[in-house]
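In what follows, chain A forms one complex with chain B and a second complex with chain C.
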Partner chain A sequence: MLRYVTRRAAGWFLVIAVATNATYFLASSFLDPRSNFKELRPVRTDEQVSRALAPYNLDPHEPLLHRWWDWLSGVVLRFDWGRSPVGVEVNGEIGHRSLVSAQLVIGATLLSVVVGVALAVHTASRQYGWRDRAAQALSMALFNVPVSVAALALVLLAIRLNEQAGWHFLYVAGERSPDVEGFWATLGDRAAHLVLPTLTLTLTGYVGHHLTQRSLLLDVIGSDFVRTARATGLTRAQAIRRHALRTALIPTAQSVAFSIPAVFTGAVLTETVFGWNGMGQYFVQTINKNDVHGTVATAAFAAALTAIGAILADITTVLLDPRVRVS
Partner chain B sequence: MTLAPARPTGPENPGPGPERPGPENPGPGSGPGPARPAPVLSVRDLRVSFPSEQGPVQAVRGVDFDLLPGRTLGIVGESGSGKSATALALMGLLPPAAHLEGRILLGGRDLAAMDDTRLARIRGKDIGMVFQDPMSALTPVLSVGRLLSQALRVHQDLSRKDAWEQAVQLLDLVGIPDPRERAKAFPHEFSGGMRQRVVIALAIANKPSVLVADEPTTALDVTVQAQILEVLRLAQRESGAALVLITHDLGVVAGHADDVAVMYAGRIVEHAGVDELFARPTMPYTARLLAAVPTAGSGVQRPLLPIAGEPPSPVALPAGCAFAPRCAVARDVCRTTEPDLTAPAGRPGRVACHRAQEIADGTLDPAGPAGSAVALTPDRAAARRTPGEVVLRVEDLVKTFPVTRGALLKRRTGTLHAVNGVGFEVRAGETLALVGESGSGKTTTLREVLRLRAPEGGRIEVAGTDVATLRSAAQVRELRSEVQIVLQDPTDALDPRLTVFDLLAEPLRAAGADRTAVRSRIPRLLDLVGLDRAVGDRFPAALSGGQRQRVGIARALAREPRLLVLDEPLSALDVSVQAEIVNLLVRLKRELALAYLVVAHDLAVVRYFSDRIAVMYLGHIVESGATEEIFARPRHPYTRALLSAVPLPDPQRERRRERIVLRGEQPSAARLPAGCVFVDRCPLHREADESVRTRCRTERPSTVGAPDGSDHRYACHAL
Partner chain C sequence: MGTPVSPDPTPDGIPATTTVTAAAAAATTVTAPAAAPGPVAGPAAERPPTGHDGRYLGRRRLYLRRFWRNRTAVAGVAILLLLVLFSAFGQLLTPYHFSDTDFSALTQAPGTEHLFGTNQGGNDVYASAAHGLQRSLVIAVSVSVLTVAVSAVVGAGAAYLGGRTEKATLALIHFLLIVPSFLVLALVSHKLAGDWRVLVLVLTVFGWMSTARVVWSVSTSLRERDYVLAAEFMGVHPLRIVLRHIVPNLGSLLIVNLTLGVVSTVLSESALSFLGFGVQTPDVSLGTMLADGAGTITSAPWLFAFPAALTVLLTVSMTFVGDGLRDALDPTSTTGAAGGRR
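Showing the complex of A and B:
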């Protein structure tokens, strides 16, 4: 197993290295940091721009290969992913923002999976009952609501609730309040800020898990082994939970593992509405601001997550499904 | 329909009966003495219906019976007779859409009136079930030890460790070697037979008083079937449980049941002690069924008497007796009034037939006036008189497959010798049957013949042409018209969107026939296979199983082949329909001078329409010869074991006869022994003297002819 994982990891590392370097060349040719200076008054001369960009290894007069070599040696030797056109360190940005995103994404993903799977188990045991139909209809409706709409609706609702309660307990913007001190107070404040964005991501994220898990379960519920389990003295619901679910979870576990990079960088809309400075935002901003190094680092970050997701998916499959255990 | 009146055989309607009768009550085998024990299970007027697009399907229509402690009740019936729905109803495992009526009394409680939660407390504890298909009956992601300990902990307050310990003991009881180690293994690491042992262990884990086994051996090979039936008997003895054994196999019932209930179209039509029922069947259906079932026993082969027609569809049952359309002694009343299940005077047992009394008195033959049915007596003498030319010759055929391991990373780890040096001949007007258990290489052999390409090793000659010499696609196509195939279940092979006419026209057009030729040929084809010409307009879905198989045969005959390859042509058919198809195949062979190469696992059926048999084991032909010769004087130890494992539909002989129960299962063809391929399981080898034993282990036996100079040949050092 370990050997297998190491081999896979090595393979992925190679892929990431190639992809990241390719992204560097692509980003360098499409993103032009000089245009950031166009609107500035007084108008900067070419030389001034070059001088401003040179310390950050972005000077367009420097040959591309030369710049690439500098950037690459920085990454390899010092794990320094470079700086933005205004000199902000990419490492710091990503370090900070990935933590912000992680707060948001991990909680919401876990919640979506738990809610979706639980709902799937509940409704699949009662296929075509009214609860099944109701849950199905709700999920279908939510499936068609764009994230931004859901987020805005929640914001409006929260504002209403805050007014009604006369107490500002639901935060609609930001990831923390500026003036909180002390460990417990900080923790509580962070959590309170998390409520609405997490809710948004959960509401839009659980739907997929509910619908796919439900149909996966329905495929398995009719199988002989569930009947055998019932024959040993389990009720239908127990047999579904202990035997059918265990088998039907395998594809879900895989898809969750695979979806990690997407949720990390894909929460842009939620981040925007709630004013969180996460990875999603960063990705958009770096492109907008012609931040070559930031864009490349974000891409590398996403690729690394993809690799981790894929390897995790393999590991979970092996753990959950004895039939594919490599001997 | 009314409930059957009080019967001499059945006890009075049980009241709130005694508490669960323990094994101290009269045990297995105790006959119905004057003071009969109270039944453990009483079923009264059980009815099950399923909703369907064509209206409710009445799967079970008023079944009642009593099950006595420690006894075995065999329920026999063909597909659609309602036997499996009865089993599921007993367990409370019917699908939610099913509608259930009547009473199922177990230890004074009515299971039919319980909801799933209350039933769950009884399932597994008081009533256990063994299912048909062991390959899918076990949760794939849990180890068998875990499955068993969970089953134990559902009903008993055990620690994890104690439950595991008991699970290991149970595995040992059902004959899993090295149970402590194997308990950690997952279902896919077991063979079918071993999985069925695990399923039995699950069923008896909590020592239920009733066991329900629904076709427990249908999916298994015949030598494994014999082992599993033994395990079932052992399990029954250990737990003192009464057994409801549901099967379509009259042989299994004959050997293992004390009482037999025959079901037809959702009802019990006859219920009697096993000896009584087989010796003197009273209901015409039972009588005809017994006459239609082939037997593999030695001795004189009796003719098969097919039952005309097919079982009725449960959505369109005829008024009156459901068997009336097929019954040779039906009267007018039979077509209007359904007979009750009653006891004819002077006979034990119950029968649902208007003419039961006449039959019981011996004044009426339930099979109808003699001669009304066409007896099937294979015309072997004729075939021997005119040995046709050789249509198929196979010499030294070899086929291997690579063995790969690992699901994520495939790598080749070995070679599977599926077919190893197989040779035989089939002549025009002759049937050669390849018999053997799954994995013996018989299907691979057949595929190689059908491929019409040079084999990996050896030679295949079809109609005098060596297939290796075929150069162009046109030559292959030409030869292909000489070889056609009939599949096990033609449903898959028949395009559901085409009518029977179009299905038959397809191969004709492919062969270049014009419209008039097609139009004139199809009615003749339909006549040939005994189908009504009107069937031409129907779609396959509107046909019964027997009719579909006839269409399959007609399609194969369309291009006038000389060799017909039949892959388990009868195993998807019910017993009562099988006989007719056997009949048809024999007639066609004679009329058209066809050569048949048949692959079949059912030896009893094979006996009725093959002239010669080749017994395969692990890719080798271990014995071959004329069919009757093989059945009368089997020489190779494997053939002998195989024949003795086939259950006979005759309770007396089935109980008396000596059985060679083979140990273990056919090993994988990826690890062929250096010597005789049968050495691991061979009973003869174990008794042989040292010099023979050494040869068995080191030297592959060559095929030799019997001393009488016939074409009876076998490969064994000890003979």
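Showing the complex of A and C:
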């Protein structure tokens, strides 16, 4: 098992490396830090601009391959992700931001999977019952709501609820309150801020897991081994949970990795709506400021999240699938 | 060889749905031979196919009947039609142009003068909504068509050619699926956008992978068919086999993906425009209108409500149509079959 997971992890690391380097070249060719100087008065000459950008390894007169090599060796040797066009270190920016975004994305992904699969088990064993139809209709509706609309609708609802309760218990802006001290108070405060963004991402993210898991379950529910399990005296619900679900979960576990890019996209939108200082917001900011290194670091972060999800999925597969354990 | 354009109505072209009954599958496959060659789900066939005396239904009539029986799908078509009409002619019903600014009415609530109210700049929300919906629809439909075309050729080509080509294509697809393509999308479209046609191109380049993967997995069984072998023995060029023997047999799958592709494109276009990376300011789309309304959600909720409602209506109706088509085109589905009847 360990060998299987290590091999997969190595593969994922390679994918992250390739993706990050590809993004570096893309970002360097599409983002032009020189255009940040266009607004400045008096007008800077080409030379002045180059001189201003050179210390940050962004001088366009330097060949692209040179810049890339400098950047890459910085990342590999010192884990230094470079600087923005005005000299701010990317490492300092992404430190706390990545934690904020990671808890959002990972929390939402786990919740989506749990909610989706649980709902699938519940509805698949009651196919065409009213609960199945209601859940199906709800999922279809949520499937079609853009993340931005869902987030804003939740904001409206939360404001309404806060007004009704006369107590500010749902936070619609920021990832923390500025004046909270003490470990437990900070933890509680963070968690309270997490509620609505995570809810947004879960509501839009669970649908895929629910619908696919339901149809996968329905495919195996009629098979012989489930009938045999029932013949040994298990109830229908037990047979489904212990035997049918186990087989049907394997494709879902594998698809988690593919769902993370979508969750990250959702995180970019939710962070914008809820005013979080996370990677998503940083991403929008860096692109607007032609910050090549910041953009690349965000891409690497997103790829790393995907890889984490994929490795978790691989471990789950190993636990579920006897064919992997044998080989 | 006849006209190879007509899709094969066997169930293999469609991924198994949840409601498979073997008996229904066998019954429909036997009794649904191709009668009228031609594109699937085209406009309604007015006359029954000649020479069958009503004993057989033409395929188009059959699909239409099955589709028509599905109430949600029909509702979807109705909503979609209304939306298309609104996007096409809505602007004619108002004296305002979406770029006109009415400085005597800034951020005005919906009323008689401005039907849907105005935004901070004094633009009429009704006119903007009609134009924005049109822009979003045009982008979504063209991206979806292009995406399906690319993924059909790539997916079927990879499956047919096999060997290294197949492996390399699959590796590329998996890589692109894992890469945070939204970032790349934002990066590229931010610099090139402003022009919606560029946005169409960019969305296509980063949108074909998942459909191509489905097409590939279905094509792997099609490539083993006898008619493909026959074509090979006749010395037909591989490209021609892919385009005229494999792709047409994916017809129903592609049509369903076409409608669902519209949904996903609307979603990603609105996400991009919401962040300011998609359609840019002088132009208006549903996404930019949502972004406009986001800031004033409590003080001027109508700025958000109308584009949000339009977006959701558009995606919901498209999904209904897509699901209806899937059920109608899939011979193994019992949803459209209404208790065993065809």
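Everything below uses one rule, namely that the second predicted complex is superposed on the first by the 275 of 327 C-alpha atoms of A that agree within 3 Å, B and C clash if a C-alpha of one lies under 4 Å from a C-alpha of the other, contacts with A are read in each partner's own complex, and residues count from 1 in each chain.
The rule is simple: a contact is a pair of C-beta atoms (placed from the backbone, for glycine too) under 8 Å apart; a residue touches a chain by one contact, two chains touch by 3 or more.
Owing to the predicted nature of the structure, the values given are computational and were not obtained by experimental measurement.
**Q** Using the superposition described at the top, determine whether chain B or chain C touches more residues of chain A.
**A** Partner with more touched residues of chain A: C.
**Q** For A:A19, is the partner it touches chain B (first), chain C (second), both, or none of the two (neither)?
**A** The second partner, chain C, only.
**Q** In the superposed arrangement, does A:L77 touch chain B (first), chain C (second), both or neither?
**A** Neither partner.
**Q** Using the touch definition from the top, say if A:A27 reaches chain B (first), chain C (second), both or neither.
**A** In the superposition, A:A27 contacts chain C only.
**Q** Mind working out whether A:D219 is in touch with chain B, chain C, both or neither, as first, second, both or neither?
**A** After superposing on A, A:D219 lies in contact with chain C but is clear of chain B.
**Q** With both complexes overlaid on chain A, does A:L152 touch chain B (first), chain C (second), both or neither?
**A** In the superposition, A:L152 contacts chain C only.
**Q** Between chain B (first) and chain C (second), which does A:L2 come into contact with in this model arrangement: first, second, both, or neither?
**A** Once the two structures are laid over each other on A, A:L2 reaches no partner at all.
**Q** After superposition on the shared chain, which partner residues are touched by A:V268: those of chain B (first), chain C (second), both, or neither?
**A** Touch partner of A:V268: chain C, not chain B.
**Q** A:L65 contacts which: chain B (first), chain C (second), both, neither?
**A** After superposition on chain A, A:L65 lies in contact with neither partner.
**Q** Overlap the chain B and chain C contact sets on chain A and report the shared residues.
**A** Touching chain B and chain C on chain A: no residues.
**Q** Can you tell me which positions in chain C touch chain A when the two form their complex?
**A** Chain C residues touching chain A: 16-18, 175, 177-184, 186-188, 190-191, 263, 266-268, 270-271, 274-277, 287, 290-291, 293-294, 297-298, 301, 304, 308, 311-312, 315-316, 319.
**Q** So in the complex, which bits of chain B are touching chain A?
**A** Listed in rising order, the residues of chain B that touch chain A are 91, 93, 116-117, 120-125, 128-129, 131, 133, 136-143, 150-151, 154-155, 186, 188, 199, 202-203, 205-206, 405-409.
**Q** Once bound in the complex, which stretches of chain A touch chain C?
**A** Going by the criterion above, the answer is residues 15, 18-19, 22-23, 26-27, 30-31, 127, 140-141, 143-149, 152-153, 155-156, 159, 214-215, 218-219, 257-258, 261, 264-265, 268-269, 272-273, 283-284, 287-288, 295, 298-299, 302-303, 306, 310.
**Q** Could you pull out which chain A residues touch chain B in their complex?
**A** So the residues of chain A in touch with chain B come to 4, 223-236, 238, 242-243, 246-247, 250, 314, 318, 320-327.
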